[in-house]
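In structure tokens below, several structures.
Presented sequentially are two complexes of subunit A, the first with subunit B as partner and the second with subunit C.
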Partner chain A sequence: MKKLRLAYVRFTSCCGCQLTLLNCEEQLAAIDAVAEVVAFDMASSRPDDGGPLDAVLVEGSISRPEELVELLRLRRRAEILVAVGACALTGGVNVLAHGDRIELCEGVYGECAREKLTFPPQPLCRFVRVDLQVAGCPPERSEHLQLLGALARGGLPALPEYAVCMECRQRENLCLLLEAKQPCLGPVTRAGCNALCPSFGAICEGCRGPVTEANRAEESRLLLGLGLSEREVRARLERFSGASHEDP
Partner chain B sequence: MKTLSLQPLTRVEGHGRVEMTVQTGRLTAVRLVITESPRLFEALLLGRSWQEVPALVSRICAICSGVHRVAAASALESALGIDIPPLARRVRELLLLGGHIESHALHLFCLTLPDIAGTESILELLRACDPRAREGLALKGLGNHIQELAGGRVIHPVNVEVGGVVRLPPREKLEALLAELEEWSGRLPPLVEGFADRRGYPPATPALGTRIAVDCDDFLLTGRSLRFSDGRVVAGERYGEVLEERAVPWSNTKHSRTAGVPLLAGALARLENAAGRALAPVLPEPSAAGIHGNNLAQGLELIWALREARRLVRELLAGDADAAVMVAVRAGAGVGTCVIEAPRGLLIHHYALDDQGRVAAADILTPTAINQAAIEAQLLADLQGVTDESVLIERAGRIVRAYDPCISCSVHVLKG
Partner chain C sequence: MRSWAFQAGFEDRLLQSLRGDYRVLAPVRGTDGVVRLQPVRSWAELSPAGLPLIPLKKVVFPPHDVLWTLMEYEYREPAPSSVPVALVGIAPCDLYALAYLDLVFADDPHYQRRRQNLLLIGSNCRPTPECFCPPRREPPPFDLFLAADRLWVGSAWGAGLLTALQAELSSPGDLPLPAEITDGQQQVPENLEQLFTASAGLPLWREVGERCVSCGACSAVCPTCYCYEMSDEALPDGRVARRREWDNCFFRNHALVAGGQNFRPTRAERLRFRFEHKMLGFGALRGISACVGCGRCARACPVDIDISAVLAALAGGNKP
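On to the complex of A and B.
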């Protein structure tokens, strides 16, 4: 079998998605056997040969002109472009800094701010065709492995289109929302993590973004019923989904 | 005049480059240019409820997500005047150790070992069935396993909230972890010894910078004050008076100094500052290899961390399984600071809350920002006599890597 020519690149992000791949400690040798890792700066000093790619995994949002140029170049090089993680899919937590960016940067860097040419972080799909979106902040190791497995076989993995609650009930967990009265976002969040957090005993924070046909109105009603303010409910629902966050 | 550029920096976390100015064959100036995009975390926290802070700040950086989350919760607890239950403290310490083990193993075996072995990445070492690579990855996996147990999730843990932790790790899993930790005690020292061999590193001058670390109490990574190698001990909340920060045009990270001198944070600084206290070096002096001694210092900390993890797991197993691990929180106004040791060095979180418990001010100082001025000074000092351009480039990469920089952490900064 011909090896998959693969790159994993990152833009504005926390490295968590890439680190998740490096966290597949036991599978790294097997991954190396099916994929030729053309670029993965975090893990390898191999110089990128600039040649065509079978697939590129992209972590992070786009917030600088140089990042945009690089993204466009990657799109031209790659057969398949996969957006990995909330930052790449929707902007993730990066987009929560609302307000005038130059002003914010001035708050940070004083007079040096003008040198730092950045714009509000954008999801990849604003600029390029995205062939697959792998949700999560970060997506789990198993999802990285499924993705690479499918790519190596020349396909794309099937992604679940139901809510975290489905997986949670399958695991027969106590319902944190209904029984423990905690603000769990499982009902409106897309599955795929095997209900990781509720199975541990912590609420779902919604890191995988909204599931299609989410009943947000019902979820909001439940959260308000738990004593959260409207503002807090909105902040929780929008943390990873990149929805426009209005000023209070 | 000529400028040499090492770009991109690889096998470090984040985007940056090194620019070296060479005049008539001599290196005259060095800049570490951090190009990582600012993520403005302090700005996005403003106006948000105290409850949201821990989950948000963990997203500053994946490798340090556990320690960021603990730092935020602790700073907010100090702002709200809360004492957390002792068992909750133990669970947090265990999470910190898991992060420490994962991060050091990642740095030593995935990022540094390829330099020592002369390869581009750990993948080649795995292909060649190098036992150090295999063992190093297993050790990294152990760190992740601990983080998963104590934090509920490997990256961006969910177990830590303001007021304590959500739950104790299940008993049977702690017992299995204890067995795993016992089994490692013999395996670890020979692995670490490899990083003591001076022949693995390029020639180096002594590591520069005033050492700064948390003045540790009984646990190397936590405390209330800052200790400097010049003898000063300063209360954590007074960090702003002793750390002089300034923005520089060429980098997206601010530079820190104290009394005009660059600062060094990280494993080497911790060991030197804690000398004779938390752990005495059992191997050759880490400082002998200049800044590359930071690698051995991390190795020594790995031995310490596994020992401490065994102690903590035993204490957790001996604790009352039904004891409270979370206290009720009444939101209100307050100001709080946490100084803590992240794997790469001193980390400071500072928050002010308004009377509704919303963030009115936030300040986060990270180890890589603290180290940046020292990195530049060290590059210049170590590479002074080097004239061969390819050697300059290669060594510059190794020096930067020795600090284990965490660039995504370093660019979140905001000062109100």
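On to the complex of A and C.
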């Protein structure tokens, strides 16, 4: 089998997604056997040779012109482009910073902020075709492994597009939304985590982003019914799903 | 039907006699209030007032079932468990639901392998306000059935279990099963199919569809929902596994086909499809209602969609 030419590239983000893959210690040798890692800045200092790629995994949102140029270049180089993690899919928590952009940047970078040209963080799909979305903040290790295993065999993995509630019910958890009256985002959040948080009694905070056709109107109504303010409902629904969605 | 009266404490000695040869599962209420099918040691642990959140199907049709694995060029099927499972304290509606699944999976080797290893010990239920079981002509399938201080035998397997416990039973009598098992609580309209067809243009489906969040909870807890998806999982080290996993007709992908076409693109269409399947059946099972009236879907629904209310709305034109 020909080795897969692979890059894992990071834009505006925290490196958490790349680290999740590095945490798959037991499978790293197997990954090395099937893939030639052309670029992966958290794992390798090897310079990128700039050649064509079978697949590129992209972590992070796009918030600078240089990032956009690099993203477009990667799209041209790679057969398959995979958006990995909440930032790449929706902008993630990066999007939460509202308000005057110059003021925001100066608050973080001081006087040199004006020399850096930035714009509000955008998900990858705003600019390029995305072949597969791997959700999560960060994604599950198992999804990284399924992704690489499928790529090595010339395909893409089947990742769930339904809501966390399905997995939560299968685990026979107490429903935190209905029975414990807590503001759980399970009904509008993409599954794949095997309902990790609700299985430990903590509500779903929506880190895997909105499920396809998320019924935000009904979820808002449910949360308002629990006594949350409109502002809090909006904040909860927006935390990991970007500002691209209009509130009802 | 042959039946026996039994003495106090008989249930525990029955459990005791099963424990050596069977994995004994029964509905038990956990400290969090959720009732689950889980191993039991004594009859007192059983929860007579609550159906298990996930019904019997999880034993014969598990949510994530590995059908085969592949390593290098070697295919393997997971070794079937040789320990038979005894399901104890099962309510009639769940037994009727299993009878429906038996028809659906009549030719499915994975289901049949587990089903043949399944001993059913039913017991009388306490109906809740959410129950709406329809009247039945036949008794449900069971090997043994317990109600108050009487016991009925439904199979040779069940009769065989009693040989060691004969001393505790009265001489056999010929009593029918308690009437409430077959009487039901709610009549189903006779012209349901016509009512359903005529409802296509009603705002009912759009209104309920707008509320539905497509979360899948109703289908996960339904004792007769059996749709599944097959997926292959490949890992970098070369291991491949084919899985069959529970699916749901409310999911957008369920009727999505190659080329991006979707047979049921809107929630309202999916909702109507689901209710048609529950109430009227499909294919060879057309005319056999899949809904046993357990009320689980209404309890699990975050937005209060209730199949019995939808049924009432179809019959009487009321708002669900």
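Following the convention adopted for this analysis, the second predicted complex is superposed on the first by the 239 of 248 C-alpha atoms of A that agree within 3 Å, B and C clash if a C-alpha of one lies under 4 Å from a C-alpha of the other, contacts with A are read in each partner's own complex, and residues count from 1 in each chain.
Everything that follows uses one rule, which is that contacts are C-beta pairs under 8 Å (C-beta built on N, C-alpha and C of every residue); 3 or more make two chains touch, one makes a residue touch a chain.
What you see is a predicted model; the values in this text were computed from it and never measured.
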{"item": "Partner chain(s) touched by A:R46 [first = subunit B, second = subunit C, both, neither]", "value": "first"}
{"item": "Between subunit B and subunit C, more extensive residue contact with subunit A", "value": "B"}
{"item": "Partner chain(s) touched by A:N23 [first = subunit B, second = subunit C, both, neither]", "value": "first"}
{"item": "Partner chain(s) touched by A:A150 [first = subunit B, second = subunit C, both, neither]", "value": "second"}
{"item": "Subunit B versus subunit C as contact partner of A:L226, first or second or both or neither", "value": "neither"}
{"item": "A:A97 touches, of subunit B and subunit C: first, second, both or neither?", "value": "first"}
{"item": "Subunit B versus subunit C as contact partner of A:L72, first or second or both or neither", "value": "neither"}
{"item": "Subunit A-touching residues of subunit B, taken from the complex the two chains share", "value": "8-15, 35-44, 47-49, 51-52, 55-56, 59-63, 65, 106, 110-111, 114, 120-123, 126-127, 137-138, 140-141, 144, 152-156, 158-159, 166-167, 247-250, 252, 254, 397, 408, 413-416"}
{"item": "Residue numbers on subunit A that touch subunit B, as the complex places them", "value": "11-20, 22-23, 25-26, 28-29, 32, 37, 40-46, 63-64, 66-67, 92-94, 96-99, 104-105, 107-112, 115-116, 118, 121, 137-138, 141, 196-197, 200-203, 205, 207, 232, 235-236, 239, 248"}
{"item": "Sites on subunit A touched by subunit C in the complex", "value": "27, 30-31, 33-35, 145-146, 148-150, 152-153, 155, 157-158, 161-163, 165-166, 169-170, 172-175, 177-179, 186-188, 211-213, 215, 217-219, 222"}
{"item": "Footprint of subunit A on subunit C - complex, ascending", "value": "32-34, 36, 53-54, 63-64, 210-217, 219-221, 229, 231-240, 246, 248, 251-253, 267, 300, 302-303"}
